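Pasting in a structure now, in structure tokens, and then I'll have a few things to ask.
Naming follows writing order (A, B, C and D), and every chain is counted from residue 1.
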Amino acid sequence: MAHQQHQETLKVLHECMEACNHCFDACLKEDDVKMMAGCIRLDRECADMCGYLEAAITRGSAYVSELASVCAKICDDCAEECAKHDHDHCQECAEACRKCAEACRKIA
Amino acid sequence: MAHQQHQETLKVLHECMEACNHCFDACLKEDDVKMMAGCIRLDRECADMCGYLEAAITRGSAYVSELASVCAKICDDCAEECAKHDHDHCQECAEACRKCAEACRKIA
Amino acid sequence: MAHQQHQETLKVLHECMEACNHCFDACLKEDDVKMMAGCIRLDRECADMCGYLEAAITRGSAYVSELASVCAKICDDCAEECAKHDHDHCQECAEACRKCAEACRKIA
Amino acid sequence: MAHQQHQETLKVLHECMEACNHCFDACLKEDDVKMMAGCIRLDRECADMCGYLEAAITRGSAYVSELASVCAKICDDCAEECAKHDHDHCQECAEACRKCAEACRKIA
């Protein structure tokens, strides 16, 4: 059961990392990049932290709880920022971040 | 089709990162850690590189090909080292590394 | 002044990352690797977190405080573990971790 | 002598990582962010790779040469892109990338 939750958490983290990095890439291709600056910044923060936490979980790190707590906060902020923009990549990213924040709080 | 291959590559990279980090963790718990030193070292190299390449692919990096080429080499070496040991985590890691090396060569 | 503290923190983080990775490498070459297993594990945790925090500071991350708090905890634990071993690389690592934990607490 | 070159390389890598991340941050605050999109993208690529190579060198990785070769290429591209822009942070980043590309080629 612990193992199942672990696998589910890793899946959600991975999807969030992927959605954030895709959003980062897509935002930089938009016409009004300036409007996306906050999004670009948070996408990087969030993708990096999700990737870091994935690695920490898989290596049996003793600091998963502390890292998940930081990750949840970044996911919340990234979800809030992305939700402001109508682009599909932003809306999808916001949704992935919300799910990930929730998963992180469970292990924080 | 490009998208499908992309998703398949990410899946294989993720499984390799996970197998390597799990093997790193498990090797450090074995009785004869000394015999596992090469494995521990390569597990870290390989897990880190797979994670790095995953992130690079998802952010649309222009350097995926070069990074995949380095990753393939590290996967080959890690597969070779892990294959020498009978522990389940080593055998599973060797198998994941072999699959990952192959996937990396396709995009290198 | 803020800039000076920033540079000093980056320097201390970098030295800690370097000391931890050097200790990781050196521990894996010791005769009694088993005795060093906890050290090897914490060296990786600590080096990775210090490197992550360095990057976060330099990119103007909004999460430096939270990350520094986690980093301080990992540095404390790594310092405590390394201090148990007489090897020069462990003693030097313990010292670098102590300094780094202190620097992290100032920005946490 | 090997040790001195090693320390010099780490210093140059660190300065490049710092300059790229600072440029990333500053570009996102510019009025015409759109014009800086290529710069923002390459700043992240380059900062991440320099940080990765720093860590690899300090842990005695067997893949420093291959990683340095990729890093040199990214530094070259980032230097070329940043050099196009008059902002101080871009010009300083271009200079740091040029020095870093050269240092990477020496160990590639």
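One rule holds for everything that comes next: a residue touches a chain if its C-beta (ideal position, glycine included) is under 8 Å from a C-beta of that chain, and two chains touch if they have at least 3 such contacts.
All figures in this text were calculated on a predicted structure; none of them were measured in a lab.
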Completion exercise
Comparing contact pairs by residue number, the option in C-D, B-C or A-C matching A-B for over half of them is C-D
Exercise for the section: Check B-D against A-D and say which one is joined by more contacting C-beta pairs. Expected result: B-D
Problem - chain A-chain D separation of Cα centroids, rounded to whole Å - result: 25
Exercise for the section: Please set out, as single numbers or ranges, the residues of chain C touching at least two other chains. Expected result: 44, 48, 55, 59
Exercise for the section: Show which residues of chain B lie in contact with chain C when the two form their complex. Expected result: 28-29, 31-34, 36-37, 40-41, 44
Completion exercise
Touching chain B in the complex, chain A uses residues 10, 14, 17-18, 21-22, 24-25, 47-48, 51, 54-55, 58-60
Exercise for the section: Flag every residue of chain A that touches chain C in the complex, lowest number first. Expected result: 44-45, 48-49, 52, 55-56, 59, 61-63, 66-67, 69-70, 73-74, 77
